[in-house]
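Both complexes below contain chain A, partnered by chain B and then by chain C.
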Partner chain A sequence: MIFLPELILLGLALLILTYDFVKIIPSRRLLVAVTLGGLALSFLSVFLPFLTESASAGSFLSNMYLVDSFSIIFKTLFLLVGLLVVVLNYDFFASAVKKHEGEFYFLLLTSLLGLILMVSSPNLLMIYLGMETVSFTSYLLVGWQKSVQRSSEASLKYFLFGALASAIFLYGVSFFYGLNGTLDLSRVAAMNIVSPAGFLSILLILFGFGFKIAMAPMQFWCPDVYEGAPTPITAYLSVAPKAAGFAVILRLLTLLNIDLVTLLALLSAVTMTIGNLAALRQRNIKRLLAYSSIAQAGYILIGLVSPELGYSAVIFYLIVYTLANLGAFAAVIYLAEKLGSEDIESYSGFARRSPVMAFAFAVFFLSLIGIPPLAGFIGKFLLFKAAVGAGFLWLAIVGVVNSVVSVYYYMNVMQIMYFRNGDESAVKIPAFISLAIWVCLAGVVALGVFPNILF
Partner chain B sequence: MIYVLAAILLISAFLTVTLKNIFHCALALAVALLTLAGFYFYLDAPFVGVMQLIIYVGAIMILIIFAIMLTTRVGDRLLSAANHQVMPSLLAVIVFVLFGIAAIRKLDLVAKAGKMSDPIAGLGRELLTTYLLPFEVISLLLLAALVGAVVIARKD
Partner chain C sequence: MDILAISLILFGLGLFGALTRKNAVAILMSIELMLNAVNLNFVYFSRTLIDLSGQIFTLFIIAAAAAEAAIGLAIILNLYREFGDIDVEKAALLKW
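Right after this comes the complex of A and B.
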């Protein structure tokens, strides 16, 4: 009962792999339907313990696996992302990738399981294995469009950077083990990070995860990989591993009880400034969203400076960011298919062709900027408030200035959609894409108006 | 003894990245991996040492050498593996080494692991008790990597 969501996910992944192998009834629709059904089942089973009121929290398998409210929040988020990505992938795959769909979903589901393992363990070994499961599957999924050179190039780049990040992380872990004699974070009462070895250990571990969340100075892979990957996978990479990386950093900070606020504040300021400044010059929408996601990682890092207020703000903002970013990518997938281009200029006058789509796009961008009454505003407000509360007024100011800078590039896309002239024939939005957009839209607006439903 | 091993390891690792002939690079890498196995034996971890010999020196090196022999001819045009970023990388290495020395010099390593009377049996027991979950997760990871690698490498 306790491991039901994980077991359903694992069973589903193996089922999809076998189905693709045997193909008794070769049907794309059936494959996607089974994937979606299984994911939905796994998603619902996360809430099962709440209904039966059975005791389900605790640690299992020699403290390798934790079930607590923290991991349940992230599990829910990842499974939701999984559902939305499969939905987004349906039309995209038919038109752009076409081949090996069963293996594609198998890897996606394995990747989701890796994310869940990553956030559910207090043991660095399990965290590493979860991270590698996510990484390996991501490298492969990024390169899935073999006929597209950019896709293969992105995959190779991601792999090389990822291998480096893993090595850095493991080096830090080896120091950690040498100092503490255990890999279990919960068994280390208080870690001495004033000693050079302790500091080096935590620094290397942090940078290893910095790769996953695209934190400076580990952000170089981001634009190329986002541009080259199949767009649903870009959407997935921009939200899920990022959330998992933040979850692990939160766990590290709370379990080890260490004080890294000055370092994190600096990294946060640098990350958001790099992301925003680079985004200003982008002409390709996927590259723009890549730099935007680096900047967003910078905002989220702000919350880490304040354990009291910031940690819950980080989780809130991660959820909001996930919904807004997935929504924006849903629109990008649709537009790329309709217009045959990922160039921002090609969006000219799209608002007249599909007012609903343009409006949804605008709402997601406004939420990423942080305009009330959308959820992005509440999220940013909580993050900045946490920074001020922890005595980092300068960081809050840097954050606000960066948000103002970001208005330019987000608004530029909207301005092109709304105020330029282009083709005016009306278009129809496929059901799956519009379903994903409506779900994200509902989430972004609802969390903006009633943020209390999460707390 | 350990300083001799360390010297051999550093020199062979340096040669691996600086030699121009890729076959010579592979040989230097083999020496580096062998020396690393020597480290494990020296540090009282014979099981890890044997594994290093079997997996890295035995299997992976052979694969690398096969790959080189199948793709290039020894004595083909020589490509330098280095780029022109010598100064920045030198700077990074120096900073990192200095920091590393500072970190290790005052290091008070905890020897909590203790010595096992029968390391291999103990390892087996640990793998199927304490480390059961990681052990199982690795199999999933390998399955995913294998399936993905086949799809990526296959000709459509």
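Right after this comes the complex of A and C.
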């Protein structure tokens, strides 16, 4: 019962893989239906312990695996992302890829399982294995369009940087083990980070997670990979592994009780500034969203400076960011298919062709900027409040200035959609994509008006 | 301590190779070298601490490195098919 969500996910992944080999009934619809059904089942079973009130929270397998409210929040988030990505993928695959769809879902499901393992363990061995499960599957998913040069190149870059980052991360873990005599974060009595070896080990471990969340100075892979990957995978990579990276950093900081606030504040300021300044000159929408996601990671890092207020703000903002970003990518997938271009200029006058789509796009961007009454405003407000509360007024000011800078490039896209002339023939939005957009839209608005439903 | 110095040298060589080489397979090999430095560290600490979890970690790293090599070579093979070369600087469609 305890491991039901994970077991369903694993069973589903194996089932899809077998189906893809055997193909008794070769049907795309059946494949997608089974994947969605299994994911929904796994999603619902996360909440099962709440209904039966059985002893659900606790540690299992000699403290290798934790089921606590923290891991449940992230499990829910990952499974929701999984559902939305499969939904987004339906139309994308029909038009752009067409091949090996079963294997694609197998890898996606395995990746979700890895994310869940990563956030549910206090043990560095388990965290490493979860992280590698996510990495290996994402390298392959990024390179899925094998005959597209950009996809192959993105996959190579992601692989080489990822493998390098994980080797550096492991070097840090080995020193962590040597200094503390254990890999279990919750059994470390007092971590001495003043000693050079202790500080180095924590720094290298942070480097490993920093790669996943695209924190400066490990953000350089992000735009290339996001541009080259199939768009549903870009959407997936921009939210799920990022949330997992933040989850593990949060766990590390809470369990070890170490003081890294100055370092994190500096990294946060550098990350958002790099992301926003580079985003200003982008012409490709996927690259723009890549730099925007680097900037967003910078905002989220602000919350890490304050254990009292900041950590809950980080989780809130991660959820809001996930919904807004997935929604924006849903629109990008649709537009790329309709217009055959990922160039921002090609969006000229799209608001007249599909007012609903343009409006949704605008709402997601306004939420990423942080305009009330959308959820992004509440999220940013909580983060900045946490920074001020922890005595980092300068960081909050840097955050606000960065938000103002970001208005330019988000507004630019909207301005092109609304105020330029282009083709005016009306278009129809496919059902699956509009479903994903409506779910994200509802989430972004609801969390902005009633933020209390999460707390 | 000698072993830590050896592993540091090994790690440094690997890092240097990974950052300077242009051949994708050579970069992959350099990264494997770094992983071996990590393995050496773990085994050494496991012995001095008289605790088995370090050696178990090493076994997992070896298995993960094998999977990583398989995936990496598949990706490099695909790169060769698309670009006709495995020089990472030849694959430069994506930039600023």
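Everything below uses one rule, namely that the second predicted complex is superposed on the first by the 455 of 455 C-alpha atoms of A that agree within 3 Å, B and C clash if a C-alpha of one lies under 4 Å from a C-alpha of the other, contacts with A are read in each partner's own complex, and residues count from 1 in each chain.
Rule of thumb we're sticking to: contacts are C-beta pairs under 8 Å (C-beta built on N, C-alpha and C of every residue); 3 or more make two chains touch, one makes a residue touch a chain.
Keep in mind the model is a prediction, meaning the values are calculated, not measured.
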First (chain B), second (chain C), both or neither touched by A:Lys99: first
Which superposed partner A:Ala154 touches (first chain B, second chain C, both, neither): second
Contacts of A:Thr110 with chain B and chain C, given as first, second, both or neither: first
Chain B versus chain C as contact partner of A:Leu17, first or second or both or neither: first
Which superposed partner A:Ile168 touches (first chain B, second chain C, both, neither): second
Which of chain B and chain C A:Tyr299 touches, first, second, both or neither: neither
Which superposed partner A:Gly228 touches (first chain B, second chain C, both, neither): second
Contacts of A:Gly181 with chain B and chain C, given as first, second, both or neither: both
Overlap of chain C and chain B interfaces on chain A (superposed complexes): 125, 129, 132, 136, 139-140, 143, 146, 155, 175, 178, 181-182
In the complex, chain A residues that touch chain B: 10, 17, 61-62, 64-65, 99-100, 103, 106-107, 110-111, 113-114, 117, 123, 125-126, 129-130, 132-133, 136-137, 139-141, 143-144, 146, 155, 175, 178-182, 195-197, 199-200
Parts of chain C lying in touch with chain A, wherever the complex brings them together: 11, 14-15, 18, 24, 27-28, 31, 34-35, 37-38, 41-42, 44-45, 48-49, 51, 53-54, 56-57, 60-61, 64, 67-68, 71-72, 74-76, 78-79, 81-83, 88, 91-96
Touch list for chain A against partner chain C, complex: 125, 128-129, 132, 136, 139-140, 143, 146-147, 149-150, 152-157, 159-160, 163-164, 167-168, 170-171, 173-175, 177-178, 181-183, 223-224, 227-228, 281
Residue ranges of chain B in contact with chain A within the complex: 99-100, 102-104, 106-113, 129-134, 137-138, 140-141, 143-145, 147-149, 151-152, 156
